[in-house]
């Protein structure tokens, strides 16, 4: 059994490219070229150079001494929060902008929920002098004003998605519509391991730098490349895909994917997609998604805008189905408390998305000799307003 | 002639420790021990380790391709904005918290203006489990709400300075008062190269990592350790001190210090301390400061809270007086435009403080073969509200 | 012989109309179909509404959303159609996204289509190759024709492939754009219609996307067997309700 | 002989009062000095207000700020004091921060002090060693006594050094704290007063910080030659104006 993608673009039974014919040429062009381009030495060089000098990689693997003492195990934090723009998202957008250039595209579109991917996309477009249009739900625009301002500072045009629930799912619909209308000059930078093949694989490969670095960094620190556990939160799944990537086939390394339980898995206000979802098609991919009995996609809920997505990438659907990864669901309240705890014990304010993965210590006990690597996917600056209100600071 | 400090704690005629007797034991303890402690292998190791794994050093030296093309010279950005907490300030607080531990202190106080140093101090206190009190002008508390929230998330107590103009200068007074009242258990983490000897020198040494890295990074990229110019903005002067440090005595390398001209050097609303200041004593140090004919310290003005300080560190007073560094004064308007320009051409939103150093290209022409290293002292997330309002985004 | 093929075999240009089932009111579906046939429409695409219709423009999306709010589901639709063949004889095609069909069960969905007298399906997000490998036999078993799309960007090779597995007509997307945009056809589009016509494919083409009046209908059918109108008809329903369907159809066929 | 030394040579405990020049009103300086002498105060510290008085507590800072607002400057003060020696004979000391003096010119400042009859200076932020190296000769030239502070944290060695370069009294800070805090003296402080007294220094000590009433004055002067009251007197001025200075002094000396 393999846990990675097969030559047809599927992880087990999940994946594929369930796209309208209008998108076929674009997606096919990408499918035929992405591996070839990524293998070109000049691409690799440009990608590595930007990750190093622009993004600030390698991101540290930090031994969290006080957290480790508190939970009586060895906790390492992979510091994606220190990347330029403040999250793992930029690893992918740097890769995709180089890909878009090599495909001769001149116009970039993207969707965004919390705005992190939108900012990361606007950033690389500014860097390359490319036109950038970001679709964002009208409601998210209102509640993520600082990230909207960042995108505008960076020269991007932010277009409100006015349909549906006016959040991430609808922004994605709008971006796809734009792509259908602009089939020749435009590249769509998807922000997670979702969408039609080859997006999930391409994004996972760009994010794989995370586990590549964990391997040699852990070797330096612990004499082994293998942690006992790798833990990551899952919205679409890209930071988890990156953190898991080089460990996928090595079942000695246990994987924990943490989803947002919102107000409780069974509360009706949740985003615990794997647990609550059923097989279906969303945004071009066969995967697990939250939907009505009748096949209408439902609106999820989480306090964290970045986990507030009704689907999950096909890799994660497969990891769930096969049991390769353990899936945990963490509520808003537990996540917020874990975010505060990390702030006070390690001086790191995490994104609320990330805070979900830090909350697992409340529910899971580790052995003193276990090495638990948590992917610290982003910093909490964007979430301050939320923290302030929640804790009445 | 030396441009660095002498054994008596002076840079030329500037520096010294003009402190009340109540502070003498504390400052003297520090003076007698700081060099010894910094030279201890265990201190060095702990400092280097934290800078690497926690702060995320080395910060990249990034060749800004599009800015370079635009201004027809080679522009490198030293990415202090990528440090944990988003500015150079943390280099110093990491050093000082280790110093405080070795001096047996258990309680930390700090002053802050924009909140960056307060956040950096609260961060290292959380990391070490130390009590942290941050003094901040009542007016700054109101206009820098996100940084206040960050400090509280990190477990620090933020105390409003209610006297005087209720900004940075007064917060510093309050911090000094606190120290006078708590002479035994407390270490005062000053946030810039200001205050009584040995603070300016100690802070400069902690920030010197910046130019240490520039040396080997530039060697890798350009085959020489020596840029033609090193440019940095100056509030108290710590990021400039760090960027200049290893080049101080090498007059082949030209130094440019950029101060805030506010609404114009001669507008009466300015913070161009070196140009407008006269010799005097502020916060324990003999230096240049803005004052009335009668010796009362005046309140400066700049759109950037971090440059809004009526004094400047004694090192910079000396660099100004001797002509070792060129001092330029940049207005609010020029700085804001330069911040927007960097965002749109390189995808990096700088702190407004930093934006001042980017504005020099409007006034100074460089040769195509010149290597201009700009210390990108911090990221602009904290300034978004200001940018939004200024540009009506 | 499937009603779609029968219709395609006849002379003359075909007018096909799309609307969202359950719009403007939940129970309008059957009567709209009846009215359309009465007024001389040749074929109908019944839209099965979906929460996230990413290949549709704002007009169809809005009618979909309204229909869902009205309570439309696959079951409701089949129920509304259960006696449709007592009154209606033109070809009926369900057009919808794949996920609701997948949840219904593709086999069960096809069986129901056959039971109520639906002749074919258009599923924009079911790719040709997936259909070919996994679902063709089910569709055949229930006598359903699956209709595929081509666009100006579709390669000759792929057109041939699509032609080879098609059984009714080829849905020729007028331009690579979501439904409801554009304003009459320009030179590039009419050249494209002609280019495809000149390929002499085995299956006739019906143009969709951007047809809204007599003029664009004529343009589209100069080189193609027929044309489908969607957004323009839905706008008509939104403005005039279900009373004046005859006006709309007469205007096209004028 | 300097008036300060003369006073220190006399028997009995000395009451010294601090207030900010120019407070409550700009022109109150001289009359407050006169009133204080009239009511039996032994020595006066005239506060030269400063924008950033970092060793002072909130009360003195507030009176400083008010005095600056009233228009107090070094020049104004010297002008107000120009005839003071016509009416006042007790020692007068100017207490202020170093920067205004530096701007005035230390030499010029000292000359002016001498001219108007000021006997000494207390400059909290002028360190002993800087004074020793750079300014001692200027002070001497103008017959001014510079007063240094010691605190409970000051080492024996440093106390000896300070004693060696002092010429009047040693300002013994009651606790290492800014002015105006604390509430009577505890065991630690009285032990400290005794410890210093037992050193038998060359120069007498006068206690400052935290004295506000008869009780604390008695405590402070059990082992010291005198005590300085600052914040408590300023609070009195704030509440009662300049009319009832006698009440305040009587309460202390009761």
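Order as written gives the chain letters A, B, C and D; numbering starts at 1 within each chain.
To be clear about the criterion, contacts are C-beta pairs under 8 Å (C-beta built on N, C-alpha and C of every residue); 3 or more make two chains touch, one makes a residue touch a chain.
Just so it is clear, the structure is predicted and the values come from calculations on it, not from any experiment.
Comparing mean CA positions across the assembly, the chain most remote from subunit B is C. One simple way to say how far apart two chains are is to compare their mean CA positions; for subunit C and subunit D this gives 97 Å. Annotation: 67 Å between the Cα-based centres of subunit B and subunit C. In whole angstrom, the spacing between the mean C-alpha positions of subunit A and subunit B is 35.
Viewed as a network of touching protein chains, the structure reduces to a simple linear path.
If you check each pair of chains against the touch rule, the ones that pass are A-B, A-C, B-D.
By the touch criterion given at the top, residues 16-22, 24-25, 163-164, 169-170, 172-173, 176-177, 180-181, 183-184, 278-284, 291, 293-298 of subunit A touch subunit C in their complex. Residues 52-54, 56, 59-63, 66, 79, 81-84, 86, 122-127, 129, 145-146, 149-150, 152-155, 340, 343-349, 380-381, 384-385, 387-388, 391, 393 of subunit A touch subunit B in their complex. Within the complex, the subunit C residues that touch subunit A are 50-55, 57-58, 61-62, 65, 68, 73-75, 97-104, 124-128, 130, 148-151, 153-155, 158, 173, 176-178, 181.
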